[in-house]
Amino acid sequence: MTHKVAILGASGYTGAELIRLIAQHRNIEIVALSGERKAGMEMGEVFPHLRHMKLPKLCKIEEIDFSAVDLCFCALPHKTSQQVIAALPADLKIVDLSADFRLRDPAEYEKWYGNSHSALAQQEEAVYGLTEFYRDEIRAARLVAGTGCNAATGQFALRPLISAGVIDLDEIILDLKCAVSGAGRSLKENLLHAELSEGYNAYAIGSTHRHLGEFDQEFSKLAGRPVKVQFTPHLIPANRGILGTVYVKGDPQVIYDTLQAAYADEPFIQLLPFGTAPSTHHVRGSNYCHIGVAADRLPGRAIVFAALDNLTKGSSGQALQNANLMLGEDEEEGLTMAPLFP
Amino acid sequence: MTHKVAILGASGYTGAELIRLIAQHRNIEIVALSGERKAGMEMGEVFPHLRHMKLPKLCKIEEIDFSAVDLCFCALPHKTSQQVIAALPADLKIVDLSADFRLRDPAEYEKWYGNSHSALAQQEEAVYGLTEFYRDEIRAARLVAGTGCNAATGQFALRPLISAGVIDLDEIILDLKCAVSGAGRSLKENLLHAELSEGYNAYAIGSTHRHLGEFDQEFSKLAGRPVKVQFTPHLIPANRGILGTVYVKGDPQVIYDTLQAAYADEPFIQLLPFGTAPSTHHVRGSNYCHIGVAADRLPGRAIVFAALDNLTKGSSGQALQNANLMLGEDEEEGLTMAPLFP
Amino acid sequence: MTHKVAILGASGYTGAELIRLIAQHRNIEIVALSGERKAGMEMGEVFPHLRHMKLPKLCKIEEIDFSAVDLCFCALPHKTSQQVIAALPADLKIVDLSADFRLRDPAEYEKWYGNSHSALAQQEEAVYGLTEFYRDEIRAARLVAGTGCNAATGQFALRPLISAGVIDLDEIILDLKCAVSGAGRSLKENLLHAELSEGYNAYAIGSTHRHLGEFDQEFSKLAGRPVKVQFTPHLIPANRGILGTVYVKGDPQVIYDTLQAAYADEPFIQLLPFGTAPSTHHVRGSNYCHIGVAADRLPGRAIVFAALDNLTKGSSGQALQNANLMLGEDEEEGLTMAPLFP
Amino acid sequence: MTHKVAILGASGYTGAELIRLIAQHRNIEIVALSGERKAGMEMGEVFPHLRHMKLPKLCKIEEIDFSAVDLCFCALPHKTSQQVIAALPADLKIVDLSADFRLRDPAEYEKWYGNSHSALAQQEEAVYGLTEFYRDEIRAARLVAGTGCNAATGQFALRPLISAGVIDLDEIILDLKCAVSGAGRSLKENLLHAELSEGYNAYAIGSTHRHLGEFDQEFSKLAGRPVKVQFTPHLIPANRGILGTVYVKGDPQVIYDTLQAAYADEPFIQLLPFGTAPSTHHVRGSNYCHIGVAADRLPGRAIVFAALDNLTKGSSGQALQNANLMLGEDEEEGLTMAPLFP
């Protein structure tokens, strides 16, 4: 049985990445693609790397007949997403890739995103989309909120450790290195090749990045008490990839064993041998997340590393993984392609 | 029915690329992987991006039981390839990715490669592996010689034009830009990141590059008289991709129409609208080749562009496409993944 | 004696490059820097790499007291430049880096740039700024028009050959590879890191690039009859550098000897040994231009290569070289720093 | 007065960088360049970006007449350096760029470098070359040991804070991002463009990097008790630059004020406004180090950032700065060129 899906916001990177992945899916057909400013254009004009595919033209959202759609991916900017999703049919399955439905507490949403939430009913209904930890809820959900790409990375490194109580909750530092596609296709000076390539820097310093809202929500929920991590993202001259370097206090071997137990049966989470550092090179273009653990020379301290592709496992791959659950498909369908290296 | 294949030379880039592609193939199983210096190692150690796959360990060639192999990919260096292939079972189907069996004339081989050929029987038997132009021969072949990646690029741009007689055969200039993975995983100073990134240069200047042997052979055969092109490759700071810029004399519209007719039914050759330049960005990691044609301001002159991924369409993708034909599989099986962009 | 200079348009790449170079100049003091949209800002905010320098704040052009200025560099966009320069004091020495005063024929200007010229008196007065070929005129000039960076590259390869009559004037093909900073600091989708890095493509195909106006003007003047070259620029994933690959018909050794004679005493033009290809790696950040010549395997054909840094020798370095002549300074002052490698 | 210098190991990156810098120095003349394997070659063959300079040919060390040399830069690998330096004239001024004379305790040297030290007299005599903190000793020294590039970065961020006692000495985490030229011109698989570009990873994990020997020695000396930091370096796809992200506990404003006081008169250390993150983009090719401080959202925690160019301020620029002191030259001579951006 073929499921019919629509992708809203198909002219951005996460939209294009969804199409790339769905092209490998045996049971999903794309029936509608929206792109407001580029409505009327062929996808092959907007993204020439997709020109060999038979795809619907870009259209405006209001032109889509959602009665013929089984599931809708929403890859629109935050704020726009809540308005659009609130207006979609109430029984339409939706996987949202924006930030709008990730935070359960409207006050937290407003604190991190600066605007009050305008779709509170949907916000309440939404399930947090970190597949490996919300599988049952996602399977039953109508609306799934994809996680932030940085938030996913940090959580893959830390959730099992917080749940198991094997690290000091007040001493967690997440130093993150991310590639530029996470910033989307937006025209900003610091995203120009001439400004970005050959150098690197931190941004959103002082733990001010929006994805901290997700960390606070999820880690505090797991721990049963407030947990606040330090988080410093860095912009690296590469297109895809996030590497999280997480400094924790705890027994390194216990930490390793805890992660091993947690991820033993996870198809997309690969724990490297103890003492091995993962690289974003080795997950590029794939839905895999590589995790490594090292003991520091200082006793009782460990470093946990997590590497994934922000556009795939961090966004569109996760979205398809969730859609597979919501549609009753095999969770891995369309997602097992190997990373592209070199 | 599942075909069992071996890959010799699996520790190089083209070997790893074959594995990446075959992972998407429904009817091929990898039963043996050789890598002389790395025999005994897991592929996940040699190429961590493949660590999630269940693959045989690397072994030595003599450890492989070829009676259980339906087809053997040979991704070894030239010169080694002819020795190895001469010693393989005489009825084993082989797709060779080296330069050893591309040239029909042993004297030409010696001229371009510097050593006399030691497997003349196999050389005589081999079929030139440019799928789109040798389909029937490949289907019937035992030994197929994969083309050079630069040679493939130039031929996709030029073969139909030479066959149709619509360009001046004595005035063909191929200015080629290629990424670094074409040089393989070899430890050379000019391939270091610090030496290569942020700059570019021509090499093998004066039409001295070995792939000219293929151009001479194939173009002269098509034309029925000697054809010698000018060919200048340039090394570009990128990992994958070849862009050929071909300067020809002829009517631009006739040239475009000729290419359109030639490639109308080809699944992997995409002709762009007249006046459009292809980009290596849009074929990366895929088996697609994008071709464009522009009219120069000088009457009677045209520029033909061809872009492909040297490791995929230029090498391992082509090899799998040929293997599909030799094994009676659908030619496109395992090869339809979209390019990775960005 | 210290010369006082102003730089108009100091918030762009060529403006910043001028400041970087002048920092090494013993006898030039920067007294004013304009930047319309960023007026009031410190240069260290606009370009943090200059934050250690004592520089005037950015101001609006009308705030500058030109009576205290000995020479004005104008690094504004074309069209704006002609308006601004027409309004500057009539006796102020000016080095313009825009395209506005390069073409002698107003009709040619309009043809290539799309607008009629509004400062015809200044256009008539302007001297073409290719230092090595217009030294005496520049020394005596009030207004010097810096050349296009691509135009400079092609002319360094070709001018002596055209003057000497040693190549076929109807068979010149210039295949050019340029880095992205030539496009300036403009916010365009194709200049984003995610869109540009890891791939490359031709643009302005069919000999439609504006710098052809300069080639036509200069080469025809040298030859005493119309000369029209073919010119295809390619955008390469690097920040600085232009490599011109020029296909010509003529005797390779005669071509080499001609270039050697022409450039024997030129401090910034380095002719490599015969058969050597230059690389943009080796001129980055410097005012040097490397030239190489190779014989093709086809008799009577040669390839001439020229490599330079588009922001330095192709633009701001050339501008300072011209200013040195206009101010009676040593031509090399401030321009002898070695390239940055790696 | 012109000082005559020799550079041993001129065929590596730090040797070439010394030449680039000395080209801008008014009072230093290079009289000898050694390069064992490339002896007899012109520098322009080994490093074509230096081909415009008049330089001595590469020779073997034993061919150098050290009686005509005022100061010798030694840019050889560690272990070789101690052997060579022990054999040089006992009154020759030497600036060593290797690791051999950085550690005061031979046992520590052996622990981090794996071999026992063979030049103990020189080791005892050597002065640690972090200019800003050892100025007087360097001025009087015969043998100065250049610091590690990572070690310099971490110390610029931390030394004033440790001296002033304003941070918790047991809670210092240095997450460092470094570009590839720090690894030198060595032929290693992970330094190939195809392996390094487009991805990134940590290495020497668990605080096992050799530069920890320097941190331990210097920080413990400053604190008057053992100080052991956590240190995780990451390899970033860029050629030049180190960015240190240092997580400390202490009052952010006090930390900022302490750094401001320490560096107020330092020409090469630039403290950015509070809350600003430096970028390696803005120090490339220069001798400047940019430092920033941010307060974390968690009270009592700060992040200190330091960015410098590993080949310049981290190595060859530092070496020239030290040589200036040893030769009685102005400390800034030859070192004030602005960074190269973009």
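The first chain written gets the first letter, and so on, giving A, B, C and D; residue counts start at 1 in each chain.
By definition in this document, a residue touches a chain if its C-beta (ideal position, glycine included) is under 8 Å from a C-beta of that chain, and two chains touch if they have at least 3 such contacts.
All values derive from a computational prediction rather than experimental measurement.
Taking A-D and A-B together, the pair of chains sharing more C-beta contacts is A-D.
Centre-to-centre, using mean CA coordinates, chain A is 39 Å away from chain D.
Averaging Cα coordinates per chain places chain A and chain C 45 Å apart.
Separating the CA-averaged centres of chain A and chain B is a span of 36 Å.
In chain A, the residues touching two or more other chains are 13, 181, 194-195, 197-198, 237-240, 278-279, 281-282, 284, 342. Taken as a graph of touching chains, this assembly is fully connected, with contact between every pair of chains.
Within the complex, the chain C residues that touch chain D are 13, 16, 19-20, 23-24, 47-53, 181, 197-198, 239-240, 267, 270, 272, 278-279, 281-286, 288, 290, 336-342.
Interface residues of chain B, counted against chain D in their complex, comprise 13, 180-181, 185, 187-189, 191-198, 237-239. Taken in their complex, chain B has these residues touching chain C: 173, 175, 177, 194-195, 197-203, 205-208, 212, 228, 230, 232, 234, 236-241, 243, 245, 247, 275, 277-282, 284, 292, 294-298, 301, 303, 305, 307, 342.
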